[in-house]
């Protein structure tokens, strides 16, 4: 099949605040091929999580189009959307706060069936829960445990099992491993990769951890203050970061290797306010390569090399 | 065991800023006793930075709090061991004496800058407080110094009277660092100071800490789980597992001449820089339940190299060099120097 | 924070200094103050704007009328002499009253015939007391101290009717000027209003203009305290904070009786409590069913349960104190009889569905006993407790099956009118159809000869008993307790007393 | 800030209209009316006349509109029951309720906050346990019963205090205690739990790491912060004081507005009931406004929000 599984066009999500409109996601577009992983990276407050939620219509987008498997999600009725959601799931960062503390593992995993009124037979449901637990590597003996009795890694496995319960094709992973220790993080990442291979899943992988996203994603999109500033195949991005923000971000990752020290680009200042941003390059106030034009106009996403998009006036192909 | 009996005069060397010997800390709760530190040894020579690396529950933060003598009690109990700070035994100090040391000779930066500042007090007052307390001066005298500290951590004077909520996370952490350094401590304990920050801000803060450490000539205990940060800022590394140092050495010892299987596991859990798409090799299993520590080597249930002996006896310490040692049955006096079985 | 506290404290002190006026120190030696405790505050202090018992006590103090009620019956007060004249038709419908001379109102103005005329005419315009003033058709002043009252028909009990507070005399000038008698009463009684602290107390002082020099109040100041809670009233008496408690909680009586400093007075009361049945609709149209219910109700156990035994059972349909009272035709508690009446009625008792509506806790307890009594003969009923305003509405609208209520008066005609008269478009309280009650009441009113009148009352009593329009239940006792040093206390069956007779033992 | 206050003051208007309308409707639809109570024995015609005199025969909305119009002119109407202006009736009673409420509030706050704070910093000690048991009792004991208990012990047995009515400071003691116990217990518990939460905060640890003695840390860094929930609850407790006034005022025969409200309801004296409601709503709104302003003083973050609003 040639059509992409997901196409997002000019997605906007604004929030009303006492001080004005907060542009959480501002005109974000991308496509996602079947079976691939798009990493969505950026610092806190850049709008990456909101993007993920808006795609699933968990928060209603302000404007734009979301085309999932040929369906315009924003045009669906609530009941159609609910049906469509069986195909689209989300895994959260903190599985603890997204699990009901009064639910046992089994109850948590079978909840999607109850919500969507699928598999009404109790025995059937139990079987399905056990199968899901096997799939995500949760020992069957834990079936009656409560979330507080489990560690973060196991809780995240419950989160994954819940997401998998309805047999989705697309999963938004919102910082799924950020709260976990490295050894557990690796276990979960391996599990997710394995599930992708076996079930043909498509991931939108939201994270701030660039080394993880490099390992995990086929393509990477970098967001800054609600805007997508650069999108490229993973290795192309790491080899040729074009946007000054991407460059700074990559150089800032502490690399656990004593023989490899990159020259660090230290950014000045901090993120400016996403409330009613001026129509100029949003990174211009922190950018070391800023020119006059950057303070006058807003750069648009353009393809500088095959598959490599960037929104910077100074970027050119390689 | 009585705390006082445990102090078996560990000859604190003059060159050591911090000397922890055989420290055991337990949290005695209704649900059971958590064995947080199980005989930890840590030494930081003057002017050097030790990275304390380990995962959640390994006892990293407890170590930091123990040095400050701030372990919440109850339920925390220091069962045995000694802590010498600049040659003085911390554990023998009264609360009053400790109040003259904390924030003065030793300071601590906590993990989450968002919650570490009092939200209802202007930031400069929070810096002045520590200066006034230790230097016994009036607010009028302490204000210029506090402003100077703020400037040094890169916060303009005109924002000094603002409240914490008006600052971003990175700026708050700078304020906390200013508080910690206001009285020029000999030792700075930094407990995951950048975990809550974004990478670009983390880079700024680490950069600043490196410079300030140079400027103040102080020793530092950097508590972190991020091996990348260790490379950035530490001279020495102690890898702890289950409340005990399992491997200790210089950066090179740990990163190049890795000995302990757990240290190796930590590296393998991270994506390989050379081959980022290669499958990760995580450490199997989970951290042991801190209320029920496995016998023998606590890591043996998760260790790919485990032998029969590992389940029975706690391994002794083998020194590959004066600074590089490891607690593992895979080694003996000879193999530990040559590199033994790992990374051959 | 400290400043704020200081300001607050100051404010409190300031507020309190305004509220707390030091209690008047009693003159050395003889006490000349008395403090009463009563459960409800009168709605107002006017003679004509309410008809609740709570208002009678203050009205007796502030005002006086041509006649007054005492424990010995009706006594002349402002009236010194009277006689009846015949009208053109030869009927005795013209009452001529001589007014006492030299009487002054508490404001110092003289009381003359024109005040009597103005008062009686004014009272007739006030809806609240209209039923008490509709017996006369016209009033006129013959001279300054003579008044003529004309009645439509012969009305034998004019003095009794004039002894009601509704007919107590107000100054004519103030009536004309629309004076606020509710809150600033002016009368010719032994006391006058000194201060009304709403919700807390009403203070009266003796009226120096009171005409009756022999009966000048010996106690100069009367504080009428409102203490809603029964036990609180008793405790206040025990601690000496009040001297006199009206309506003592029955539960507190044994304790108070043990107290040597307290006198407990238990007198037979006239408060006539009954179970009303709707005679106009539904199954209670049938007198046999009404009688069956009356026979099934065990008054003794109601009195034990609801009144702690402070009450007397009643079976006949008029108060026992009335001249001419009889037990003839009255039903008594008898379950066999009850079943007989049920059989005569012929309906299925289990098919009856009705609620007994009550408005107080005591009557709810009474209703609970009735409920179990009726169960004995197979009748199921429910109990519904509402507040008194709702109950009034319910019985005025006629939309009820049964309720418990009570009525009291010293005067038979007032009593009969209150309970039985069909008024205007509305019917009486029970919608009785089989009886010409208005006719019977009027004929009693027109009979001036005492013997004939007594016989007539007996006859009426018998007739009503035979119809059993309602179920008489009990007359409660009047429970009063007071300081043992108080003398001159006499209580009438309505629980009323004449305060000017009270004095402290030296 | 002033805009915030103004905004809040303006919101009182719709609240006032809403509550008075609801109360007015309930009073109108409740069975029985003042006429029935005042003239129970009168005939229908006589009652109709009285009803007309009181303006009760107009359509409801007209009656309500008339009431609101007069209210805006400061006229709360005439009591059906006593014929006196409602403002006079209220003015006679409000000082008593206000005095009781203020004294009870002062007792509550003076005792509750230290109790809660000390219990928190001495968590799990004898003091903590016993004071929390006391608080539990304070919350669960019905004020009615507590009032009688006080009367029996201090009034009847010890003869130390007058048992009912008003007139001196001594009269105030028992009602004020009865009024304050539940609030005291609630506020102490809230203070304790918020204090416990605050002393576990990171910034307390930061302060201790500065070398500041624990008591000073509590005073400088914990007290103010832990007061936020306390202020909220204290504001609500004032509302509870108003409603609790009904019980306390009955037990101690305190001539306040609570008892007046109850008797006005049973008399269907709508102008008086509405008058009480207006006073309650006003008091409650003002107290809540004060609470919100206090919030701003304690917490700069909230002040910042006010500034923006």
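In this document, chain identifiers A, B, C and D correspond to the written order of the chains, with residue numbering beginning at 1 in each.
Rule of thumb we're sticking to: a contact is a pair of C-beta atoms (placed from the backbone, for glycine too) under 8 Å apart; a residue touches a chain by one contact, two chains touch by 3 or more.
Just so it is clear, the structure is predicted and the values come from calculations on it, not from any experiment.
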Inset, instruction - Would you identify the chain whose C-alpha centroid lies closest to the centroid of all protein C-alpha atoms displayed? - result: D
Inset, instruction - Quick one: name the chains whose C-beta contact count is the highest of any pair. - result: C-D
Inset, instruction - Please work out the Cα centroid separation of subunit B and subunit C, and write it as a whole number of Å. - result: 88
Inset, instruction - Averaged over CA atoms, how far is the centre of subunit B from the centre of subunit D? Could you give it in whole Å? - result: 53
Inset, instruction - Measure off the straight-line distance from the CA centroid of subunit A to the CA centroid of subunit C, and report it in whole Å. - result: 83
Legend entry - Residue numbers of subunit B (touch at least two other chains): none
Legend entry - Of all residues in subunit C, the ones touching two or more other chains: none
Legend entry - Where subunit D touches two or more other chains, by residue: none
Legend entry - Complex interface listing, subunit B residues touching subunit D: 68, 70, 74, 95-96, 98-104, 107-108, 110, 112, 115-121, 126, 129-130, 133-134, 163, 165-166, 176, 179-180
Inset, instruction - Under the touch definition given earlier, write down the residues of subunit D that touch subunit B in their complex. - result: 124, 201-203, 205-214, 220-221, 224-225, 298-301, 304
Inset, instruction - Provide the residue numbers of subunit A that touch subunit B in the complex, in ascending order. - result: 43-44, 151-154, 181-187, 189-190, 193, 208, 210-212, 214-215, 234-235, 238, 248-249, 251-258, 260, 264, 266-267, 270-271
Legend entry - List of subunit D residues in touch with subunit C within their complex: 30-47, 49-50, 53, 81-84, 89, 92-93, 95-96, 98-99, 102-103, 106, 110, 148, 151-152, 155-156, 159, 162-169, 172, 250-256, 259-260, 263, 265-268
Legend entry - subunit D-touching residues of subunit C, taken from the complex the two chains share: 5, 8-9, 11-12, 15-16, 18-23, 40-41, 43-44, 46, 49-51, 127-132, 180, 182-183, 197-201, 225-229, 231-233, 235-236, 238-239, 241, 386-394, 396, 417-418, 423-426
